[in-house]
């Protein structure tokens, strides 16, 4: 079996398309953003990628129908105000070994290169380890031109973050992308790292929207963010109740004193 | 060495055969069912599969003769009331790495495809984490047609189970089977997950029997189920004795009081 | 790089040679036996086997000269009373992954097959988990003929041991050997599993000596066994001293009472 | 994707060049030494090595520009008093699996062999587990000639160290180098193993300087060593303060008494 199996679902000619990558990771920010972009733009399925570097797993939907885990490439033809065709890469998993990461990234980039991609955006979360009220978007790029362009859209290039570099698909797509002559930017939405974070995904998509002149309706993502807020709030309250003595118990303590 | 070594033991022409897969897994339900089916039907050895994705291990039988761990394909020519020839896949292990799972499944499917298989049943256990008196059979399928057909035989398609999808050979044979143009169904017998479970294996085989018009004598499997019941009962009693104070010890405590 | 690098050191024509394999494992019994046999017979180097399935390691000898870890094949031309030429396989490691075990065994068997080997003995230890005063030699074989032949030399074929089969090179050489048309026997010297065990290695070599009409001087191996006995005895005494109260401490306790 | 991707950055003809290897490891001694040598000599980039045996990681510099992790080969043309051209290998990682170590070492040696290398020095740290005031340089070599040559420069060849041999790139470059007909020496600077150790790197480079007639300015490395000393000293003082009772706390205890 080939290490990476690419099945084409459609045949398209795209004009100088941009690749937007968002796979599962910290706070699921990248995947949330890429999937949302695909759904809101109505991007169409182009290729399914299976691989022995994914877990040997199928998902079962509500009707009982199975689907083998995969990465998936969709395409979208530019509509004004946008001027650039898009390829959007999402999926269930990143490669589960370092070797798998390299192999999958290489093979996907090869396909994208053949489809005309010379520029790419990779989307990810950046774990801060504490709650982030208003997530900033941190950046890294393959060239100074990319850094300058992103700064104009409010992306933060910090001297210290990310300190140890980027590990995983978002960094690797940029790193290996250079061997294909591609230039790119990684956009990392700040997130606590404890929750799936739609708010951070929105912050990242806001930048993508500005950079690519996309008109994105964020209402569903904001609704999802509020739902996560409610869940987080409930967990927080439960924890506090368990830690604080209740008035009842304080009285009890009074008797002892 | 080839990653997967297939040694053909016989040469057969089968008519539109159905593959039934049952490898070791949760409660060993799939393997018990497939091995029992092979033995009761008197299916004949067709191919032995060795692989570097199995452990480097040989088994030694009671006469001191070794046998390298393997997967094994048997065949059975339809006899009335059955109308379909069968291929039955059993074995000592599933592939021990994700890569091995994919490679072994792919290579076995390739062989089965060449033998004419376009339809398959995969057998497995579904761990409930508690004792199951009357195991239901849960299902997943590659198509709505498969779902509807199985519902007629009492298979349950649950909205929530299996939540995280299926991991391992039974799911993968369906998932990769589609790339060979095969349609299939996974039958999962409910089981506690703590014991080897012949009763769950019987539940699964009852469905297979109805679906393929097979006349299976279940007496040996039921005897095995009763034996496991006795062992489980003994373990249960021993645990209770250790946890409950005996009348003797209660008296002792009385003296102290 | 080739997964397995075989470097031939000599060119020989052997007459129907027998392979004797002994690699590191339980009690190092197999390696001790094979290395001792090679040294006592004065077998000559034939091939060095390097592999990426060994650790990335070199050993440094007392003169400061390095040597890359390897398996090594030596040959010995039969001298009366022996009638069969020998190939002896020893080395620093077994393959460190299951895949590596298969690949190394396959490639080594391929070489041996080319050199004319159709029969092999694999040597190993069998861990009993307790001290064994007079180690028996347990056996497993590829055929009834092998079982019967070994029984004549006192080898024990037990219904229950080894229960879970044999894991590692000694079993795999027999299992994969069959795919090369080789017949063979595994000889397992009983050992505690806690110490390197020259006495168990001698027991195994006694069988080999009878089976192949070899005249082996066991004095050095017996000296080594006595040395290990002394070390084990010292450890035993130290443990006892630490567990038993000394007369001194008993007096001290007396004062307290 | 090829397991190891070598990208040539320059085209050079070197005269009988010597390879100096220093990758991350114990005390980072080898990497510190090789990087320092490259910087001080002003060696020029010759090749970048990417591989799926490295982590899937990019580093981000202070300007926000990413760089895929790599090993890197630089070259330097001999200037008097030196008479030998150099190739210097440094990098971010050693291969992260045993297989990766072998594959990367083999491919790098292949390239170096093509560039004319027949002799190599590998640089590493040797962990002593305690602070080393004046680090000695321990050695291992592929030949007696190498041992004798290094002894003249004060390198210590100890009967007992390194006891278990050398694990990792520095040993493997020598071990696999022999299959390319290369002779070589491993120089191991003693180090505690707890800190990055520029002093040990200097000790190693002093030997290289003598062996290859290199004029190396050590002032920057010595400054770095002093900085590490200061950090180590501070940690030591903090630990002592936490362990010793202060005069203040002794008084407090007095009040209690």
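Every chain is named by a letter (A, B, C and D) in the order it is written, and numbering of its residues begins at 1.
Basically, a contact is a pair of C-beta atoms (placed from the backbone, for glycine too) under 8 Å apart; a residue touches a chain by one contact, two chains touch by 3 or more.
Predicted model only: the values in this text are computed from it and were never measured.
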**Request:** Kindly list the shared contact partners of chain A and chain B, in label order.
**Result:** none
**Message:** More than half overlap in residue numbers between the two sides of the chain B-chain C interface, or less? Answer same or different.
**Reply:** different
**Message:** What's the distance between the Cα centroids of chain B and chain D, rounded to whole Å?
**Reply:** 54
**Fill in**
Note: chain D sits from chain A at a C-alpha centroid distance in Å of 38
**Two or more partner chains touched - positions in chain A** = none
**Message:** Per the contact definition, I'd like the list of chain D residues that touch chain C in the complex.
**Reply:** 95, 98-99, 101-103, 105-107, 139-144, 147, 157, 159, 162, 165-169, 171-172, 174-176, 178-179, 186
**Message:** With touch defined as at the start, can you tell me which chain B residues reach chain C in the complex?
**Reply:** 1, 5, 7, 50-60, 62-69, 96
